[in-house]
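In what follows, subunit A forms one complex with subunit B and a second complex with subunit C.
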Partner chain A sequence: MNKKFKAAAIFKDNLQNFLFVLPAFAIFCIFYIYPFYKMIHLSFYDWRGIGPMHFIGLSNYKELMGDSLWWDSIWHAGYITLIALTFQNALAFALALACDREIRMKRFYRVIFFIPPVLSEVVVGLIWNWILNPETQNGSYIGLLNHFLFTSGLPQMVHDWLGDPKTALTTIAIVHSWKGFGWGFIMFLAGLQTIDKQLYEAARVDGAGTWKTFMNVTIPMMLPVILVVMILTILGSMQVFVLIIAMVNEGLVNYTDVPVTRIFSAMQSTDRFGYACAEAVIFGLILVGISFITKRLSDKAKQV
Partner chain B sequence: MRTNKYVLWGMTKSTLIHVFLMSVAMTCLFPIFWMIRCAFMTNDTVFVDKALIPHHLNFGNFATAWTQGNFAVYFLNSVIYTVCVVGGIVLISSLAAYSFSRLKFPGKNIIFYLFVAAMMIPLPGSFVALFVLMTKLHLVNTRFGYILCMINVGLSMSILLFKTFFDKMPPELEDAARIDGCTKLGIWWNMAMPFARPAIAVIVIFNSLNVWNEYILATLLLEDSKLMPLQRGLVVFQGANSTDYPVLMAGLTMAAIPIIVVYLAMQKHIVKGLSSGEVLG
Partner chain C sequence: MRKFLTLCSCLIFLALAGCSQPPEPSNKLLLWHWMTDRNDTFQKFAQEYQKETGKEVTIQLFAPSDSYSQKIIAAAQANVLPDIYGILDKKSIVADFIKADLVADLTKDMEADGGKWENSLFDKALADRRFDAGNTYGVAPGIYGVPIDVTNEQILYNKKLLAKAGIKAPPQTFDEFVKDAQALKRVGITPFVSGWGELWLLDCFASNYAFNIMGEEKIFDTYRGKVKYTDPDWIKVFSIFAELRDKGVLMDGIVTKGNKYAEQDFALERAAFTFNGSWCVNVYHDMNPDLDYAVIPPPPISTAYPLKIWGSAGSTFVVNASSPNKNSAIAFLKWLTAKEQQVALARETNNLPSNKEALAGVSPILEEFAKGMDQSTHPNIWPLNEDPSVSEAFDKGIQDIIIGEKTPEQVAEEVQKAKDLQMAKGNH
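Here is the complex of A and B:
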């Protein structure tokens, strides 16, 4: 009798404890796990969103392998990521180094550099779209950048930055970096401030110059932070989408398409839900693969 | 002589550093300044007048955007979504994190690691399947559906952050409360939540930024302009009035200013949150 009572009490206790988790778990199952499963499931079907579903095995994937627009879009995202990894992160690191000292207005800089990251991609995209406007009225340029180039004696530099397939992607990548470098800056600065100042002192006593100290003290000590920033940059830049929508709208689709745009248009413009899901699965695998490799690299770097 | 050279070099160096930092700071601020400036112009002057401070200030664009541009509705919707989603995330994730940290039930670890794994696996394209699901549940074009989806977006990160705080809570606190006859729910609300106040600040700020700036799910799930938040409304407005730049800039300013003000007020928490590496991912 007593045993039974005890078991019932334990059961009630466990149930109570589980009830704390239940709301979160329910939302998670419905809005994360189920779509996750459904995405893989639908990728084997030919389905237009309504009506009958036809099981077609791996056909969506086979078609995807030969879809040059899809692989172009991966390359576009990769290009933006490459610029973000090099230009954006180098700038962030340089700014963090410049701020990691007794310097006036340090707080001011730190506050300002994080303003672009808190703005939305829509706002950033539309502001830059306006600044980069290529049109003229009564012989003067509407867009600020072209107006500035023209009046400051560089008329040969005036350009339709977002309309020319050659420059559109680079322009987007630079605006993306403008919006994103503040994240890296804050994390690099936090990392730099945890480095023991005695290490610098010791290096100086040993006769190491600025460059040597940087290569032998700063970089090795910062390696874990650098790798975290790299992973976040890659994941963030590969998935860039809203910024492009806001900057070019439907202007240069085939030159500025990224994977998420392709997935969106497969779903909304052509109603090919199965194909969109196959794209989503492949893109997800690519991202997981990249972050896995970077993670392995960072584990190795930590051992050295 | 030698010291003079040293001082001179030090001064040049610090000047160069300031020039570098200041030029980047200006690059950050100028586009925002330009947006605000253009919001005070008219359609006739905005294309030709390039003076830093325009010759005639026009205050009408904000009123036009607010009424004719439907921004009153978009703004209110954004406020509703942000408050509901962030409130929901704080309650739901702190309850779950409290149980994960302090209570026991079978299968607890498996469920917890599911949440952690969800944070590690990027799912950029799952919105297709999410849309299918929401259509089935008749939650497309409803506030409720959008709010639930957005709660899900912030859940994993918030649970993890809450749990790291609850793990640090001294057990004596709880024991004392239990002896006084406090229920589990009572301990969570009266002991754990006040203890995790710094975590709450970080979670509220980052999720508010996230919800206020969200665009993809709003595009996918909300077709009715009465339900759209600001970011979605801005793109709709731009599509319909692509040449009315002053009013568009007024709309952008209204979308950007609240977030900048909140950021400036809460700036310390943001830096702390980022620096501690607790919001990574």
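Here is the complex of A and C:
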């Protein structure tokens, strides 16, 4: 009787726990697991989003492997990521270092540096569109940048920044970095503030200069934060989308295509939902691969 | 715990009970649309309609149109479409909706009373949702939508800027157009702007000239795979854009420009010519009420075939075939396209009405646009359309020509490659 009672109590306990977990589990299944499953499932079909679905096996994947525009778009996203990893994070780190010191109005700078990330990507895209506008009216440039270049005696540098395949992607990457450096800045600053000041004092007592202190104290202590910022930068930059749409509409031919715009275009312009899903699966795998490699590197760095 | 279990059971019971109830007709109608500029007028109409008939019509706006399109596709997949909605997509997708039984056939209602409703509407607007016997989409013949306005795309010119360049009359041929553009450039005026960052608008301009250069049969034969894109006539079409580029006719950055920006440029007198649809009358009025402009069809480049412009239904509503309020929905659309409502809609929103009798009340500039309906055509009424992947290669190829990255011949080769790929897949 006692055993039965115990078993019933355990069952009731388990059931109770299960029921409490159930809503979260159901939401997770509905909004994460099911769409994920559906995406993989649809990638094996030829489907226009409505109407009959035709099973075509691995055809979408086969076509994708030979789709040069798709692989170009991966390279474009990689290029944007590279600029973000270097230019954006270096800028964020330098500014965080500056604001970590005793300088005047440092709170004001912190607020200023954090404005771009809180702005909507659409707003940023539209503002930069205006800044980079190549047109003229009544003999003067409408865009701020070209106007500035022209009036400051550099007319040879006036350019259609977003309309030239040689400069469009780099321009987008720089704007993306401008928009994103604030996140890195805040994280680097938070990391710098957790470093024990006694370590700096000990280094100074041992005769270390600014550079040696930076290399032997700041960098090793900041390594976990640097790695987190790197991972977030890679994932954020590889998936850049809204900024591109806001700056160059459907794209400058295919010179500004990134994987997400290709996926969007497959669904929106060519009604190929199955192909878009195959693109999404491959892109997801690439991102998982990158995250895995960065995680391994991070673990190794921690061991060192 | 007990309360929690009871609540769960009740919810499951209610959900199951809800599933088993067939939908019943109600006194309410739900309409989803995407037209920001017409929302206030639609809301007013809904109130008037309720006063007249006692039927409550809820009008819901989902903008912009891209988001609306996605919402409609998602709602169709989940089978939760409203009583009245619009499909902003290619005719092939409309056909898929019809075949999935999501769109009601309105032929009987259109033809009732000796075809009174059908005859009141512009033929070309109705053609947008009309499927004839033996159509290539495999849809049962019938009329599957109600146009609430019509639109067409033409060239607009700024009278003041043309006069400033000493141009007395608008161009009648493509050569004159290029000459005028150069005259404008000489006095520091940008000749031409359009939202060619949006591929459909660029496609529309290119196909106008394709009709003019080779005629529709050759175009359709190209879609069928019988004529190649490397044909000299297609090279001529691509070369138009090379000439426009070389002669400095186009505004800088035109290939990344959305139509909203192009509209702004023309309204603010930054360019003398533009290529846009008749909805622009309302847009320009809001941006610059003093703008003095007029409309001409794109100046022809050849006398071989007539130049056709794109024009058809501007916005079309369809009725949800599975709606329990199907008949009420049809009655509302009949009321919405009656002369009184169409006159009010045209007056308040500066759009061309779909009801022929309502044309008398439109502004002079809209009247000029209306004249273009006679020479209009539209992909939705063509017997067949190009595969979207080939169209994408075509339009992006033209953008490549405009930015000087490729020659017309290179683009023709690439488009043909895309076509060959589609033909190999058996898409045509």
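Observations
Just so we're on the same page, the second predicted complex is superposed on the first by the 277 of 304 C-alpha atoms of A that agree within 3 Å, B and C clash if a C-alpha of one lies under 4 Å from a C-alpha of the other, contacts with A are read in each partner's own complex, and residues count from 1 in each chain.
Quick note on the criterion: contacts are C-beta pairs under 8 Å (C-beta built on N, C-alpha and C of every residue); 3 or more make two chains touch, one makes a residue touch a chain.
These figures come from a predicted structure and were not determined experimentally.
When the two complexes are overlaid on subunit A, subunit B and subunit C occupy overlapping space and clash.
In the superposed model, A:Thr270 makes contact with subunit C only, not with subunit B. Contacts of A:Ser68 after superposition: neither subunit B nor subunit C is touched. Once the two complexes are laid over each other on the shared chain, residue contacts for A:Ser152 go to neither subunit B nor subunit C.
Applying the stated contact rule after C-alpha superposition, one finds that A:Gln198 touches neither subunit B nor subunit C. When the two structures are aligned on the shared chain, A:Asp160 is found in touch with subunit C, with no touch to subunit B. When the two complexes are overlaid on their common chain A, residue A:Met39 makes contact with subunit B while staying clear of subunit C.
With both structures placed on the common chain, the touch criterion links A:Gln137 to subunit B and to subunit C.
By the touch criterion defined above, A:Cys99 lies against subunit B but remains apart from subunit C after alignment on the C-alpha atoms of chain A. Between subunit B and subunit C, the partner in contact with more residues of subunit A is B. Of the two partner chains placed around the shared chain by superposition, neither subunit B nor subunit C is touched by A:Asn2. Within subunit A, the residues touching subunit B in one complex and subunit C in the other are 16, 49, 137-138, 142, 249.
Every residue of subunit A that touches subunit B in the complex is listed here, in rising order: 14-18, 20-21, 23-25, 27-28, 30-36, 38-39, 42, 49, 91, 94-95, 98-99, 103-105, 108-116, 118-123, 126-128, 130-131, 137-138, 140, 142, 144, 147, 178, 182-183, 186-187, 190, 228, 232, 235, 238-239, 241-242, 245-246, 249, 259-260, 263, 267, 273, 276-277, 279-281, 283-284, 287-288, 291. Those residues of subunit B lying in contact with subunit A across their complex are 14, 17-18, 20-21, 24-25, 27-29, 31-32, 34-35, 38, 47-48, 50, 92-93, 95-96, 98-100, 103-106, 108, 111, 114-115, 118, 120-133, 148-149, 151-152, 155-156, 159, 184, 188, 209, 212-213, 215-216, 231, 234-235, 238-239, 245, 248-249, 252, 255-256, 259-260, 263-264, 267, 270-271, 274-275, 277, 280-281.
Residues of subunit C touching subunit A in their complex: 1, 4-5, 8, 66, 69-70, 73, 76-77, 89-90, 92-93, 96-97, 99-100, 102, 188, 190, 197-199, 251-258, 261, 265, 268-270, 388-389, 392, 396, 399-400, 403, 405.
On the side of subunit A, the complex with subunit C involves touching residues 16, 19, 48-51, 129, 133-139, 142, 160, 162-165, 168, 247-254, 265, 268-272.
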